[in-house]
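What follows is a pair of complexes built around subunit A, which joins subunit B in one and subunit C in the other.
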Partner chain A sequence: MKYSGITLKKPKVGFFDFTGCEGCQLQITNKEENLKALFGLVEVVNFREISSERRDDYEIAFIDGCITTDSEVARLKKIREQAGILVAMGACACLGGVNNLRSRFPLPDVVKEVYDGHHVDTGPVRKVAEIVPVDIELPGCPISKHEFEWLVRHLVLGIEPQFPKYPVCVECKQRLNSCVLDMGMMCLGPVTRAGCNAVCPRNRLGCWGCRGPSEEANFESLMEILREKGFTEEHIAERVKFFNAFSGILNSDC
Partner chain B sequence: MLFKTITKENFKKMVEGLLEENEVIGPRSRDQDLEGNKIYRFLKVNSFEELEMDYTRSYSSPKNYFLPFKEDFATYRLEDNNWEQEIRYTVHPRVIIGMRACDINALLKLDQVMLKSVYPNPYYFARRQNTLIIGLDHEPLEDCFCRSMNTDTAFHGFDLFLTDIGDKYFVAINSDTAYIIINQFDAREVTEEDQERFKTVKEQIKSKFKTQVDITILPELMDLEFESEVWKKWGDKCLSCGSCAMVCPTCYCYGIEEDTNLTFTKATKRRFLYSCNLLDFAAVAGGHNFRPEAHIRLKYRYYHQFRGFVEAFNQSLCVGCNRCGKACLAGISPKAVIDDLIKTEKNEY
Partner chain C sequence: MTVKTVKSLNIDIKHLCRVEGHGDIRIRVEDGKLAECTWAVVETPRFFEVMFKGLSIEMAPILAARICGICSISHSLASARAIERALKIRIPEPAQKVRLLAMHAETLQSHSLHLFFLVAPDFLNVPSAIPLMQTHPEVAETAVKIKGFANRAADLLVGRSTHPIVIKIGGLTQVPRKIQLTELAKDLDATIPYLWKALDFFRGFKMPDFVRETEFVSLRGVNRYPFIGGDLISSDGICKKEDEYRSMTNEYIVDFSNSKLTRLSRESFAVGALARFNNNYDLLHPKAKEAAEGLNLRPKVHNPYFYNLAQLVECFHIMYESKELLLELIDSDTSEFSIPYKIGRCEGIGAVEAPRGVLYHCHRINEEGKIEKADCVIPTSQNNGNIYYDLHKLVNDLIAQGMEEKEIERLSQMLVRAYDPCISCSVH
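Right, the complex of A and B next:
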């Protein structure tokens, strides 16, 4: 593989699933017309969705899912030791994600409700960065294939990826969407990192913040706007807490 | 400029004729707001029936048909140690129907920057040349302040401009192309009755402006109020979301990005419209950000619109459509900000 006369090295990559639906890994395998080109750029040494090969000489590790068990903590630390670059991939790995919903309830109650009293080795929901240092966060629920391919190109060229710092509104306006807040729907687009091409508002669904906060997002202003529009504290809290993307910005009482 | 009239029936035939060979863009509604008002924007039209000539406000301006939000400047074929650049200015002929006087004036302002500057923009030129513009008069909405900005009428910058005088349109013709087209659809000479109806409609329009913004000393005022608390007041509300610049008919600031395909055999140099309200607008190589604070960024957007552009071109960049004010969730509008500045100057703030 050459780029402008320079021979590119194929980095060895591994994909590892933790607590989550593994949908982010599925996203990567979904875009069949690009698979050959994509896997021509890297050497996959560990990716259970596409290969039975299991090697541990990867240079880049992609982590999918949040961390909930002691065994996962140990496994993650081992991966971190091996990987030169560790990428947290998707809302669960980057934020805790949907799984974090259970953190609202006492853990024994959750286990009882779901597993009917069977012993389950599970602990609090944590994002990857709470356990080990993360080099790159690839956001989204699920991740976007387009953005994944863009990231891989950066990794192969050794260029630091620059994710959009601005919120979803920019892309939403560029697609000439109607503002769903004007239509009476709740939307976190004004404080959520862009890069998704406003796919939810495009389909008349307010943003749920799966990509995490935009940089220096003005939460206070959006909260004031949502309250003025008549959304209840419960409604706001439900939305804001959904992906665990905005923890620490709300009053503890909502 | 010549004047004629065309019946609405013949206008329909004309649009249907234009649809055969051109991409036609016009006001269409999609969705409704909470009060049940239709939300309009300029979209591709496939039949005359899809056109909504009675539209009120288009949520976004038709700017993006001249300055696309994303535009490829050049594509490259990469070979071993070589590369080949391809640049295309080709644009399919296009017709935009229903542009307001303010939007046409917005194009004239963009022309100053894109066509009449030291480095003309050939991409913009191609779109401008290949777009037939059919303007349309309207009664001002409650927040239109184009009259204050001197953009409520357009005398050039369009091919045809329509004023609804009942069963027909009073038409200003401003290009040879438009003259040839409209004459194929039985355009008539203006009668005395048409003139009277036209004058009445124009008087009605004039009488319905409600919002005024005093811009007489604005460039000086902005310098005097550079440190004003007003910027902080509105800046604290600003979401730094760039919506204002995206819907604005004149905001043209942009960035450049380069990307390759997955096999590194093709590359693209792309221009994307940006907004000076976005956090990293003034971030430079090395990481320094000249405008890290929202209220400073907001201030500079107003400076460009109402002061910088005046210095360069003797006119404001703003055309008074208030699309930014409507799109802003935080309620930041030129009227509100400028009124506050004037109040500060009078020590009433």
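Right, the complex of A and C next:
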């Protein structure tokens, strides 16, 4: 295949799901009108959710979900050995995501509450980068199909992808959205990495920070604004911790 | 033809493909007898019931969506409905209609993903839908048109097809403008011919011949084919209130599966498209009945492979009813789409018909508006027991017919796939 005079190789790719909802994989089958072109750019050799073909000669591995069991750790390490490029896809893989909400309670209590003493194979919630080196993090809950396609084009052309450094606020302004903070809603848009096209504020919901922090985000100022608007510390903390996107940046009581 | 018995057999399928989530099929035959036959759900649990604890109620529908990537709208709505019923609030009519339309968009997206991407490759002898784009472009085009419409509808109605944005306690954060609804109605009209094409394709696929009588559980529709709330019924004659969901499902834990199983009048029961079809056939849209006639499908159907066809019939119902709902919305005042609420100690249950069957969320709320306890009963956990017992009978039948190992393996996989299991969901 040729593009602008350059011969492109068709990288072999695999998709691997761990502990999560598989919603990120589903995004790939969305935006149906581009599917044929997209699947023409790469050779899908392993994608259990939609194909019975399963080969292990992939060069790029897309990982979704967080890691919670020893067998998942072993499986992930094996994938890392094979893959030249490993992409963590979505909030669960990149951050641990909402799964961390259960880490507020001791693990034995968690298991007892749901399985009433029966044994299940589980463990602490870990993001992919806690187990193996990650080359690229594709953020979001769920990932955006648009950004996935953009990433695939970069990988095929061999160009390093540059994710937006600016916050969601910039995209809100670009789309001429009304500011939901001004409307009295809590919003983490001022400190969250853009790239989602401000889809939540666009739909009258404040940002929940699923894509992680933007660069040089001014957390203190946002906290000050939220307090001024009358949001309680508890309410702010609950929002900030939801996707585990700001751990280590904000202290536990915000 | 002489029928020879299969003496020994060992089928061990790890992480069955073309289903959502991780499940294993293990079949072992020794001395011509079935020694082991298991549908093992090995998906790792996420413990959502624990995740809900202590959160403000406004977060519940947003967290609930994350239970499932495919049926996130159903989870979000079941959670919101549970809280709204607990708080004794009734959401405005336009919000009810938009929510039902969003459920339709999700069901259409989910059914078409299952029928074309997961099931059709079995009948067309390809490993996935990807080669279909070359080998059967007309099938691929039909899939893309129907699924594409469903996703565009969800994007407009609830902001996004996976993990909806606008569903909140008391209604919605916004409703689409009339002009957008009019555009969607035109888009719908242009998509309907593809549904009839899909009917032609699936009429040509011969479903495997297998029957095991079972109990079918669903919501009971009153004036409409049921999707959001209402009484619970079973084909064995049981009728209960939405609030009695625990005695309708009777969850229990087994060692071989991380999904809990359920039972009612028999060893297992089934939920989903075929259960809804069998229990509420009379309420289907006339066009859906016409499609069912075209497929020779009449209630009560006890062949689980016909889940595929019942899903297709439901796609017709959804499309034609969506058109009516859109016209009603366009012709009505949609300025009220949310109502305020007061927090107090309470408990509520919300049942919806998710694409794979009836889904229940229960939330207990304290005086501060925090969730004290949550419970979710998932459609696929209700089906997992039925799949288990179907698999036993299927393999025994096939052994008796002298079927070869490869064919037993193929038909077993197709059986599980027909239920369209949402395995991550069932473990949650």
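As a working rule, the second predicted complex is superposed on the first by the 252 of 254 C-alpha atoms of A that agree within 3 Å, B and C clash if a C-alpha of one lies under 4 Å from a C-alpha of the other, contacts with A are read in each partner's own complex, and residues count from 1 in each chain.
Methods note: contacts are C-beta pairs under 8 Å (C-beta built on N, C-alpha and C of every residue); 3 or more make two chains touch, one makes a residue touch a chain.
This one's a predicted model, so the numbers in the text were calculated from it and none came from an experiment.
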Subunit B versus subunit C as contact partner of A:Arg204, first or second or both or neither: both
Partner chain(s) touched by A:Phe105 [first = subunit B, second = subunit C, both, neither]: second
Subunit C versus subunit B, contacts on subunit A by residue: C
First (subunit B), second (subunit C), both or neither touched by A:Val170: first
Touching partner for A:Ser4 - first (subunit B), second (subunit C), both, neither: first
Subunit B versus subunit C as contact partner of A:Glu149, first or second or both or neither: first
Touched partner set for A:Cys24, first subunit B, second subunit C, both or neither: second
Overlap of subunit C and subunit B interfaces on subunit A (superposed complexes): 204
Subunit A residues touching subunit B - in the complex, by the definition given at the top: 1-5, 8, 34, 37-38, 40-41, 149-150, 152-153, 165-167, 169-170, 173-174, 176, 178-179, 181-184, 189-191, 204, 214-218, 221-222, 224-225
Subunit C-facing residues of subunit A, complex: 17-27, 29-33, 35-36, 39, 44, 47-54, 68-69, 72, 97-99, 101-102, 104-105, 110-111, 113-116, 118, 120-122, 141-142, 199-200, 202-205, 208, 235, 238, 242
Contact set on subunit B toward subunit A in their complex: 30-34, 39, 41, 43, 59-60, 64, 69-70, 78, 80-81, 83, 236-243, 246-247, 259-264, 273, 275, 278-280, 292, 294, 327, 329-330
Residues on subunit C engaged by subunit A in the complex (per definition of touch): 15, 17-22, 44-47, 49-51, 53-56, 59, 62-63, 66-70, 72, 113, 117-118, 121, 127-130, 133, 140, 143-145, 147-148, 151, 158-163, 165-166, 168, 173-174, 253, 255, 258, 424-425
